[in-house]
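Letters A, B, C, D and E mark the chains as written, and numbering starts fresh at 1 in each.
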Amino acid sequence: MSEKFIELLWAEKYRPRSLKDIVNQEEIVKRLLKFVEEKNMPHLLFAGPPGTGKTTAALALAYDLYGNEWRRYVLELNASDERGITVIRNKVKEFARSKLPGDTPFKIVILDEADNMTADAQQALRRIMEMYVETTRFILIANYPSKIIDPIQSRCASFRFTPLKKEDVIGRLHWICRQENIKCLDDGLEVIYEISGGDMRKAINILQSTAALGEVSVGNVYKVIGLAHPREIREILNLALLGKFIEARDKLRDLMVVYGLSGVDVVKQMHREIFSADIKIPEEIRVILAEYIGEIHFRIIEGADDEIQLTALLARIALLGRKVS
Amino acid sequence: MSEKFIELLWAEKYRPRSLKDIVNQEEIVKRLLKFVEEKNMPHLLFAGPPGTGKTTAALALAYDLYGNEWRRYVLELNASDERGITVIRNKVKEFARSKLPGDTPFKIVILDEADNMTADAQQALRRIMEMYVETTRFILIANYPSKIIDPIQSRCASFRFTPLKKEDVIGRLHWICRQENIKCLDDGLEVIYEISGGDMRKAINILQSTAALGEVSVGNVYKVIGLAHPREIREILNLALLGKFIEARDKLRDLMVVYGLSGVDVVKQMHREIFSADIKIPEEIRVILAEYIGEIHFRIIEGADDEIQLTALLARIALLGRKVS
Amino acid sequence: MSEKFIELLWAEKYRPRSLKDIVNQEEIVKRLLKFVEEKNMPHLLFAGPPGTGKTTAALALAYDLYGNEWRRYVLELNASDERGITVIRNKVKEFARSKLPGDTPFKIVILDEADNMTADAQQALRRIMEMYVETTRFILIANYPSKIIDPIQSRCASFRFTPLKKEDVIGRLHWICRQENIKCLDDGLEVIYEISGGDMRKAINILQSTAALGEVSVGNVYKVIGLAHPREIREILNLALLGKFIEARDKLRDLMVVYGLSGVDVVKQMHREIFSADIKIPEEIRVILAEYIGEIHFRIIEGADDEIQLTALLARIALLGRKVS
Amino acid sequence: MSEKFIELLWAEKYRPRSLKDIVNQEEIVKRLLKFVEEKNMPHLLFAGPPGTGKTTAALALAYDLYGNEWRRYVLELNASDERGITVIRNKVKEFARSKLPGDTPFKIVILDEADNMTADAQQALRRIMEMYVETTRFILIANYPSKIIDPIQSRCASFRFTPLKKEDVIGRLHWICRQENIKCLDDGLEVIYEISGGDMRKAINILQSTAALGEVSVGNVYKVIGLAHPREIREILNLALLGKFIEARDKLRDLMVVYGLSGVDVVKQMHREIFSADIKIPEEIRVILAEYIGEIHFRIIEGADDEIQLTALLARIALLGRKVS
Amino acid sequence: MSHERGIPWTLKYRPKTLIEVIDQEEAKSKVIEWLNKWPNVSKKALLLYGPPGCGKTSLVEAIANEYGYELIEMNASDFRRKTDIERIALRASTSHSLFGFNKKMILLDEIDGISAREDEGALEAIQELIEKSNAPIIMTANNPWNQNLRILRDLAEFVQLKKLTKTDMRSMLMRICKAEKIICNEDAINYIIERSEGDLRAAINDLQSVGEGFSEVTLERTKLLLRPRDKEKDPFETLRSIFSANYSWQAKAVINQSQLDYEQLKMWLEENIPLQYTNLEDLERAFEALSKADLYIGRIAKTGDWDLLSYAIDLMTAGIALSAKNSSKDKYRWIKYSFPQRILLASKLKEIRSIRDDIAQILAYHLHVSTSVAKNEIIPLLKTIFTTDPLKAAKIALGLGFTEKMIEYLAGTNKNTILEHYRELKKRVVSHHRSKPSKSIESNNEMYKESVGLNKNSKKEERNLFAFSKKK
């Protein structure tokens, strides 16, 4: 029954299976195809922002090496699984012991979010990598290569994944919409792209959630991710800038209640809006605001009361607005 | 804890048992009743401010699905209670193993405060949700949907709970007072509504505590929640604004002792009062004060000494007052 | 017998042993006596200002329940002394395991200054309270009830201790003087009451110290207070204000070594000192100083070294002093 | 590590095997060759920055002394091996003490990164070096010789390895590119040299990773190491200092996307650049900037949002720039 | 041993007899004199200390060799746990010897290299060994101020070995050159001697580096191979470089070359900023920089992120260097810097604080308050009683079970009077109790001890009727 009920996650459903299906990162794909050809490879380090296809490339590489049975020869270790170094050691040990694939002289361990490991754990990892190198190759996946210790970097061939271009992401979303028979509006997709920050997986997830509400419109996207419509945030900012502090504050309260916005949500949205072209703020005010928003954001992160801090922010904006006009 | 004991809390005693007893959130109730009818449902995500009936709806849904024996088929977890995802995993594992109810093909796990989980823990949760989906459905409850990671959002049917209307809350309080045979004054209930910020459970709790003191009057409400009467806070502010710094400070000290106010209590009350119509402050001072209160509030949150920080606040107000007059 | 050779602190000597000896807080005593009668009680929360008899009531309740051997059945903990919730958990565990008293079905844990615990620790505490509820009842004591998390509040019977009336405190002091055969003047006692801010324990301690000087007169009371709050702090401030930085610093060091004061102790005393009538500085300087001190205190709380911070404070004061003169 | 596999990493593939293959550090190589001739040498301490060929020289010396079988006579302990006091007292002592094959002059213990060993472990080493000197010689390798305790320094002849000259490094990279049939641009190689700081191994690793992206150009090099070009960071700082806040921000965003920089990466790079001579600001402004950057760095560590905080940082810099000019 | 095999020169030219031991005449005679008298000596062990390479171990070996002692050696490469040391003692005490020596001598080398963790209990065992041993014990160490040596000060005679003189070193190096048939340039020899700073072993190693395999030692090769040793700046140089820096990079560079780590630097600066900067504004700026640096150090502890250290260092170096804006001449004044007082005061402060903590614990127990209330509210009041009414104070001290140290803390200048009363009262209480045993205050204090977990190991502390001792 479950298949029927849990629809697949689109991010999984539309993930390329083979290296040949990957449309971006051409240079990297070319290099990886070499490894498939030669049936040999060193340890690899895939680095780059989230959603640029690192995991996809690793899995596709495995698919191309081992064919349909690839799952047998691949051990995937995720950051969110139990992953003390001892667990890793044991799992790898177990895995390394199992039979080797017919014609490829090694198996693959894929270690996601390797940059989240402490330096000490990475040292231990390095030793594990050396110990089982005869039969096992590691693919380390990281967002920030600078967090990977040198000794590992120098033992891996590293590959840098670059952010996807806007047209690539939007193109892909369009294509999925057609496959799924979903009605989508251009500005809806654009907003998804912006919010996702170029992260393909995130973009597809948002698309799927939005589609559940009906058509992919700007309003629906914001509803799905639990944020206010930018227009309303701008209204509040404008009220404050006009010195209508109390009004601004009341409107903000309403907004938070209606959309269920947290303080951090509001701060982030305000931050985005003060830089939008749709709001008229003198340059110098923008600067001061940007600084103060940073301060307020930090306070809320540290556990301060949303309402008091946001009021303080509006107060500052009102003061600034007064000085200007 | 024993049933008998729980019944003593009105918030429990007057909690609707069945979906049909829920008077607000009509849209949501309608959709949930569908699930009961069909004896099937996806994972659910209930989002909205505290006290808007999310937990009540989840429990009522369970009641309507399983009848009086519902507790057998429901596992209630609180994300901020259970220490870590491993505990959750084990409990769910244990629970999923137990026998299924006769005619409903699944059991329910209710996970409260799911938005308090770290992104990593949510990733792990997502995997747990997938693993046991055959026999178990999750109802995730959250205040801030934006804090729930995308992959979970896109796997859940989302329900947005909106704040209760003032008349709904006050109506309910009135009704309880009649049931319990309690004398209540209108402005007393109104103060309760204000303090509760529309949170029904909180409002009922305050009502009960106040009732223990006798009639539900403004004075008694403030006494019960351990806050100073707003009038007194205003007095301190006025003294400070008149430059009578030492007097203001002494009065504040007394107040803190008498009511047992903590630094955060005082800051919050001051914050509320500077926006009340009962205090005469020029608009610009109000704004400056709002900002400064934000600063002081943050420091106290970070662990700074109440007395030192509040004195600094009063001193600042006194200086402001001087400049104005 | 050994009365001749030894002496106890009066605050201990004259603490009421049984609930019946407590003269104030009649309402509360009445309710507590009920528990004694029934040999049963829920968890209790005692809230109120310092020195209003919360701890005394808790101990007297225990005495009345268990008689002379009461210490065996009571575990006294002070949240601000215990290092972390784990320590508390272990102590409670150990204690809960021990034999139960003959005819009372539970033992008592008294947790003083419970409001000093973080919200997280309180969550854990709540779980401990539930776990051992069969054999153990908790009496939580707090100055600030608002700092006790809701789930604990709703599981406890709450008692609000109100400040003692002037005549109650003075009456008690009178009575002690008669017992101890001390000559006391009415205005002396009155001054003690004022200084103690209605805190009975503090008042008795001051009384005992004053008695060491001879009769309890206004002069002697002030003398005691003067001795207890060393003039050195003021001297250090004055030296610094005169720009004599090195001298001020050396004196500060001496002070810390002689008294074993911590940096936070010194900062708090300085803060008290600058707002005392005895130090002559313009109001504005006072305010600026208060802010400095707040800032320095904040840095110490953030984990900075208290001596460095104090020295930096002196440097600032020295500079400020020059600007003034 | 399997030989065939190692060949895939260029840094290993092109490592000199014999002292005669080493092209830099001529004086030292000459000296070492004489030791090989004489079949005698004191204990050696190789000191100098990373990648100056210390380990290579030690291994080549061993190779020249013992030929292909060199691994038999050498005990290599790397930083990743356990090297505490116990290991020194057991494993190292055991090896030093063990009998020597008839025709070999002595065995060699190579301790890489000896400056990372604890003082205790170093203490345990000193007498071993004396007692078994007839049969065993030590080569200690250190980046910071001052962290080697005096008594050990006194027991070694020490050699200072100097950073490789630019033309040496670039020459080598050129040669490798020819071997590997890689297209490289001169300024690309130059940038690699700069980043490597004369560390040959690091330079070769970067070369290999860059080659994976296609041609070895400046852009690709920076992309690979996941850092922005220092010039670009300086540009942003200069823009902000000139008050061109929006431009600075836009440039920073682009940079972060293109290079996949994390907030911490940016903050660290900025911190490095503000002290560079290429930024023309008064010296004291540098310190103020460092403090700002430190504050923002702290906030990001505490979990604040990269973008908001970096914008706040630029805003602060812009405000500062305005004040200065 | 194969003769073809080369051995390092330091071993080849190691002294075998006393005469070959260069310099150190004073030490030599002291050791021999002590050894001759043994066991009729005031201290049964000897500690030789001096910088590396001055010949401590060689001296002992030469003496053992010449006077016919069997040398039982234990050094840092050996485990030195309690049992290991007891084994040595056993070996030394067995009457016969395999090698036909009739005398034995114990050499405990590198005593300053005893590991606090791995060699736990070693120092106590050595103490015991010294007391019981029937063989002379000689120990060596580089640094006589090493913590390990503190408890040995009363048990061992300290004998200093000095750095070797240049003349002595020169003659030794020349001797080696001659033996190795190397033509030696005098300037090269001088260069080596300068560089070695009195460490003969290092000089011989250097000589071998530039000499072995070459027929001639030239100055050119010597200079190329042997770069001047980089020395770390001592605290005084460190401070001077920071204060006088004009550019931030100059100031920042100092920390890498300093003997001081950032924690120590912080305290040295705290002590010396006011000596260097006299202008109040400069002073305030400098302290503000230091205060902020310190804040970052605090945040490192809070967050566990060491990246923040670099900001602390910026502020501590560049921040302080650039603070002298008003009176920039101050930067270059020559100042006699002083050692941080707080390091000197630290142990005193720690002691006083622990006494205060102990008093607070007693008060907290009796009055059912927290220790911080006891410290801030009750101790000050108690102090007034102690300074105004000695007899009452003594009674209270007795009633609460204070120790004499606690009384001293509370009484200040009044302590002698109170202590007299206290001792007198105590005697009377004891006699009173003998005649009429009853449970009274002791049981009160018993209970207190129980409550803070003192009774488990309080056998020894029971000596004093009302003894109170710290937790832990």
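Methods note: a contact is a pair of C-beta atoms (placed from the backbone, for glycine too) under 8 Å apart; a residue touches a chain by one contact, two chains touch by 3 or more.
On a predicted model such as this, the values are computed, not experimentally measured, just so you know.
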## Note on the structure
Touching subunit A and subunit C alike are B
### Query
Taking all residue numbers at the subunit B to subunit C contact, is the shared part over half or under half, that is, same or different?
different
## Note on the structure
Between the Cα centroids of subunit C and subunit D the separation in whole angstrom comes to 57
### Whole-Å gap between the CA centroids of subunit D and subunit E
34
### Task
Name the residues of subunit C that each touch 2 or more other chains.
268, 302
### Query
Do you know which subunit E residues sit against two or more other chains?
299
### Task
Quick one: label the inter-chain contact graph as line, ring, star, complete or other.
ring
### Message
A student should be able to answer this: under the defined touch rule, what is the ring order from subunit D, with subunit E coming next?
### Response
D, E, C, B, A
### Touch list for subunit B against partner subunit C, complex
1, 5, 9, 11, 80-81, 202, 205, 209, 223, 225-227, 245-246, 249, 253-254, 257-258, 260-262, 264-265, 299, 302-305, 307-309, 311-312, 315-316, 318-319
### Task
Report the residues of subunit B in contact with subunit A in the complex, numbered from low to high.
40, 42, 47-49, 86, 105, 120-121, 123-124, 127, 130, 133-134, 143-147, 150-151, 153-155, 157-158, 160, 162-163, 198, 264, 267-268, 271, 275, 283-284, 286-295, 297-298, 301-302
### Query
Across the complex, what residues on subunit E touch subunit D?
1-2, 4-11, 51-53, 57, 75-79, 109-110, 112-113, 115-118, 142, 199, 201-202, 205-206, 208-210, 212-214, 221, 224-225, 227, 230, 232, 246-249, 252, 289, 292, 296, 299, 303, 305, 307-308, 310-311, 314-315, 318-319, 322, 325
### Query
Of all residues in subunit E, which touch subunit C in the complex?
266, 270, 274, 280-281, 283-284, 286-288, 290-291, 294-295, 297-299, 301-302, 341-342, 345, 348-349, 352-353, 355-356, 363-364, 366-372, 375-378, 380-385, 387-389, 392-393, 395-396, 398-400, 409, 412, 425, 428-429, 432, 436, 438, 440-441, 447, 451
